[in-house]
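The letters A, B, C and D name the chains in turn, as written, and every chain counts its residues from 1.
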């Protein structure tokens, strides 16, 4: 399979909530959904240790690392070697997440390395200024976490989504925009895609649900429904 | 005086080599040079502790902090409060130096805060990708440290200077470009300005010179000579 | 004056809440209190930029930096050179505050440098394990911030103070123990000293008080009162 | 098998030099050596992604992670969840390596978590002060990298090894001391163990050898030979 990220796309991002069997079960469900809805892409982020097991058990999702360092084989004790995650099966990677912020220099190096290796990048931005900086550096996906709007009551509203979409697409219209702040229900997924996001995703809304498998399913279905209703206009 | 940075400009950047009296003597000499050559700007970076003393003893230079954090008055134990450096007399600040690298989020916050306070930013870039990212975020000056050219024999040659100049000015032609890698003699200053840099600067080439005062003087004079010969074309 | 820290001691720690004139007024009040109560030590932490002004305006307090890096004069752009804070007048320094955490290696270097220069160290510990590690490295004062007790309802109670006191004094009985979690009133100061702390301190309880000057005064008086009542030499 | 670390012990630490098949071949050789010499322990550090594959292919070595974060399952995007490396098969972990330095607070948390999970800790120290701090926090192994002796010609000499051994064992005689600075030949291994180290290890001396498999074998044999000749119970 290719690792091209189609839109709409959904990221199931269990962070450090899951590992081992529990993660595998959900990754397999995500894989079935990706088979059922080939128009969209489904990415599943996994701990480094679980990349190969999830890759071996799936065919249709894009197995995604939670971070990588822009290093070459050699030193780098404790760092995440890009070759090692690629070899294990990762074909996309998150970078600069608020829980793993990178210096500008490290981000540039990781993005350059990812491009050279054919690993897609989902790069996180705290503000519109950062989103624009990341866009000129050439991310594949930009995840907009509207820190600057927190507390203003504007999180995820039309204007924020439109503003970030415009800011990013004005620089490079091939970059996909992900909006995922505060997504906790299938209705949130539906709403976000209707607003024009290329993709969205969820962490604790799924892992803490009564039935994570059902919630994951509902969210992917909401994604597809919203996208079809939106008329595939971009 | 205004803190508008004119071009050409020269940055005397003694880092942590100097403090107290020794620094003050050189700052005063820089001040005389800035008075003598009003067409250019001279910036002197100083340790946080020395900002007020240098400001009090000078009139014509732009007293420059080596870093600041993008915080508001409040918590931030051990951080560098923008209001405190402004109150002490700093009107420009270096950000993201290779010896003080910032996360993208912290850099964006510091730049935003500097803009709000009227503090000019000199932001350091390790690569062309970073220079472009910094340009879209709106730096006043971008210092290009060509890490990606180190060891390639291309440091500071025509093509590198032109490439970074073009990359930055294509995004925002009002941003000034500083080239300062490996400047250790007045001839280096002359050469760099002739190549088209808006400004340059020096650290150990001055602090370790037999006569730092003479070297500083020679460098500023070389800057002016090169700029006049260049015909002020940009 | 000497910079020996006597007990009891009080640290007025305005962090980045204050700078310039407002800070100077309170530092002068602290200085009067230190003159009035020569049995205790009063430390005032100030932004780097304000060290020399506060030092010039006071005689009896120990002017204290909020952090320093364990570097020698030379490179270190944006770092806090120990020589520069000493020259400006600082005679004590906080290290490893939760808002400015240090790697173990950096902490060891800063402590070694402080010792060599005659700068007293107030080193912060999040847990008893850390307090013990810092004690073997030879801090002058250890500030115990009981992160591990947060939410347990045991913060600042007898058992915590006794436990940290014992753990530290068992390693080195000359190290002074500071307990300052949650101090917001003069009664808190009184209580903490009665419990056996060598010193305490306050930030927003003073800076946000209706009258910061009165609150500072009340707290220092509470410190003296409790210490006298405690009537115990240690 | 138990994960108790016996002495002498040898750490094959390929850092980010190896992953996948190449790593697996050497790990299997290490496993054969561990079977052949049951008196010693052999630890092999591997990238996070390779822990499960190396664990599945071996029985006698202690599979070791290059780092872990002291977090609980939950958030922690991009962090290394202890549960995830344990589940994959790691039973020991390096912490605070010079290439992955930790804040004192993070180190304390990771050590506490490792202890709770039964993961052995090999904690790196740059100086004797740090080694003592780490000893009071309760490491299983302390790796002494004599940064403070670099350039003094004293690296790995009798006096340094004795000094660090004494400093650590004086605090806790059950802690194992690893000396590994500059080990590049089997003769270095032999010499270091003869000097009294409990264990040693190697990175590029093995990965860059003409025959990594032979070098690994030679080093483990040198370790055993030196230990037997040393004939000393400790």
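Going forward, contacts are C-beta pairs under 8 Å (C-beta built on N, C-alpha and C of every residue); 3 or more make two chains touch, one makes a residue touch a chain.
The structure presented is a predicted model; accordingly, all values stated were derived computationally and were not measured.
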Graph distance between chain B and chain D, where chains that touch are linked: 2
Copies chain B and chain C - rotation angle from C-alpha fit, nearest 5 degrees: 180
C-D compared against A-D, more contacting pairs: A-D
Distance from the mean Cα position of chain D to that of chain A, given in whole angstrom: 36
Residues of chain B engaged with two or more neighbouring chains: 98
Chain contact topology (line, ring, star, complete or other): ring
Full enumeration of touching chain pairs: A-B, A-D, B-C, C-D
List of chain B residues in touch with chain C within their complex: 13, 15-20, 45, 47-53, 66-67, 71, 73-81, 83-85, 87-88, 94, 97-100, 203
Of chain C, residues touching chain D in the complex: 96, 98, 101-108, 111-112, 126-127, 129-130, 132-138, 147, 171
